[in-house]
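My questions will all concern the structure given below.
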Amino acid sequence: MSGIWAGMVEAFLLVWSLDADLIDITLRSLKVSLSALVIACAIALPLGTWLAIRRFRHRRFVIATLNALMGLPPVVVGLIVYLLLSRAGPFGVLDLLFTPTAMIIAQVIIITPLIASITHQAMRELWSEYHDLLISLNTTHGQRIATLIWDGRRTLMTAALAGFGRAIGEVGAIMIVGGNIDHVTRVLTTAIALETGKGDFALALGLGVVLIALSLCVNLTIHSLSRTEREGRW
Amino acid sequence: MIRAILFALICAGTAIQAETLRLAATTSFNNSGLSDALLPMIAQDIGLDVQLLVVGTGQALRLAQSGDVDAILVHSKEAELAFVEAGYASHRREIMYNDFVVIGPSDDPAQVMAATSAIEALLRIAAVQSTFVSRGDDSGTHRKELSLWAAAGTDRVEFTSWYREVGAGMGASLNSASAMKAYILADRASWLNFGNKGDLALLFSGDPVLFNQYAYLPVSEERHAHVKAQAARNLEQWLVSPRAKSIINGYEIGGEALFVFNARP
Amino acid sequence: MSRDPFVQLQGVVVKRRAKAVLGPMDLELSGGGFTIVLGPNGAGKTTLLKVLHGVERVTSGSVTWSVSDKTAQQGQAYVFQSPVMLRRSVRANLAYPLQLLGLSKAEIAERVAHWGARIGLSAVLDFPAPHLSGGEQQKLALARALIRRPDTLFLDEPCANLDGRSTREIEDILCEATQAGARIIMTTHDLGQARRLADRVLFLNKGQVEEQARADTFFTAPKSSGATAFLNGDIIE
């Protein structure tokens, strides 16, 4: 217990002193994970909705694959992205390895299936409700997707937050493709891994507390902005 | 004298640009804290922003082979020679050495403290079958450990559950040893800088066979045209300069020097 | 009022699980005003409506409108037996079909205000539609259909669960719509309502049109035995 207490004290000291390194890695954590979230949502929300409304031959197979991809180990994704972005690999000329961009790419791959899967589940329900009306009104596929996404936005927000949680806490993939380079690709999770490896548990825990607090703040902000708990609304 | 002039010229020439260079170095180099002492000086002196990737020796060699970094700093002579032989690096430049030490529980059940050589220390551990943590990650430290076991005439295949391969970096392995109250081979620098010693203590050191040579290998320009060869040369020049010598020899933890500069001009 | 048919069904069969629920059927519909579809439960009334509207696929046969398919689709509106409410405000529900058509914001606001008042929901325009009562939802669904100014309006049991007052309100709106030029095809179980509104009657039984006649003729002198029994209030098997 004393170890955990030491960690909380360390966290307080770091934040109180506005430690420059802490601010640097915290902002980078946010930048990487939020960018990944925005890109992943741009792909996953329409994709999940489209899967809910469209009937085609291999639909069940695609949905099963999507659900399976949720269980993809992040470190494996990191390894594959590394091999793709390496100079010895097909996209080496882009010189993306060991940059925050590479980390964003890896995280997008990791969280898109998760968001798409939850989206699909939610949109399936909403589609069965709206199905008759939207067909009767001669809506195009694009209009249907837009309507479902807008009306189902509360559930989709939950999906997005689930994706964000997965991204901000991820360490395996971004360690490999980012390299944990100080001031360049070091983020909260990789810094925690580094400090743990050095045996500096107090600092590692301190960073962990900061990470949890950060995640809480993001969640609370989004919930309050969308006023999910207001009475009398859906 | 000439070296000093050359060094000054390089400083002057590169001071203007803030160029970046990717260097893969081993976990022991970073865990010792030496990298934190050197990197700011490098930036100041030759305007080179060294982006340090801290990985195991095996991964460092792999990154260099692929051309994903511009140079590496590792400590595994055999692997380095093979690397140069294969043409992935033009040469290897010895910079400094530190030593490995045998760490273990303070009550020393295998009586390692009484050993007269490193090999004897390891044999004592094997005889009593005290828990031993191995890096198991193909790093320089790991290879050194394996070479010692081989020199001792043991066959690792016969090791039972007392021999635990954790497949991790130096710090993480020390954590495991601390938790298991086990013996472990570590580099002195990482040990001194380690924050979770628990019941562990330094039990054996000093055998010359435990000396650990660090070398700098710039990635071959011929293999990978895109590497920052000039910057890598500048860094090499700096690392063998009197300036680097004074910093490296002067680096201490708790009053103890960790590294010995032994670069030749 | 044109005597030419506005829609023709030829050889239409609708099968569900290999069983024919509608057809084989040849049918022509013409004229404006109210065409009421009557028949016992399971006769295929809802299916016929959906086939005419194009939201139910025919197993064989064809449905041909006198105008092009696209014009026909745009000119039709359908109110389902259980109204589908979008999870939005009343105002947004009314505006939705107009937004799909790409009308200007000013035009949309005007029509929404007009219809909101017409169905007596002006006070609750910003209320969430799913929270309305059954009657209010039915009126909203109707207004949402009429707001597009359709040529043809399909209604499936529009007053099924409503009280007398709401039924009257809805019938008034429907009459206004026909006076404005819309033709209405609706099903109902309420024979009184059918007598009040119908210009023409289609009597369906076991997936076939047993009788197609003008309203006055049908109610005073039905020709088929099924229709006679139905009007008598007997159970038809």
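Just so it is clear, A, B and C label the chains in written order, and each chain counts residues from 1 on its own.
We take it that a residue touches a chain if its C-beta (ideal position, glycine included) is under 8 Å from a C-beta of that chain, and two chains touch if they have at least 3 such contacts.
Quick caveat: nothing in here was measured; it's all calculated off a predicted structure.
Engineer: Which chains sit in contact with both members of the pair chain B and chain C?
Structural biologist: A
Engineer: Name the two chains that are joined by the greatest number of C-beta pairs in contact.
Structural biologist: Summing C-beta contacts for every pairing gives the maximum at A-B.
Engineer: Using Cα averages as centroids, what's the distance between chain B and chain C in whole Å?
Structural biologist: Taking the average C-alpha coordinate of chain B and of chain C, the gap between them is 83 Å.
Engineer: As a quick test, compute the distance in whole Å between the mean CA positions of chain A and chain B.
Structural biologist: So the centroids are 36 Å from each other.
Engineer: Would you mind pulling out the distance in Å between where the CA atoms of chain A average out and where those of chain C do?
Structural biologist: Using C-alpha averages as centres, the distance is 48 Å.
Engineer: Contact residues on chain B for chain A in the complex?
Structural biologist: 22, 27, 31, 51-55, 65-68, 168-172, 174-175, 178, 193-197, 224, 226
Engineer: Using the touch definition from the top, list the residues of chain A that touch chain B in their complex.
Structural biologist: The touching residues are 86-89, 92, 95, 97-98, 179-182, 184, 194, 196-201.
Engineer: What residues of chain C sit close enough to touch chain A in their complex?
Structural biologist: 53, 55, 73-74, 77-78, 80, 84, 86-88, 96-97, 100, 128, 130
Engineer: Provide the residue numbers of chain A that touch chain C in the complex, in ascending order.
Structural biologist: 126, 129-130, 132-133, 135-139, 143, 147, 151, 232-234
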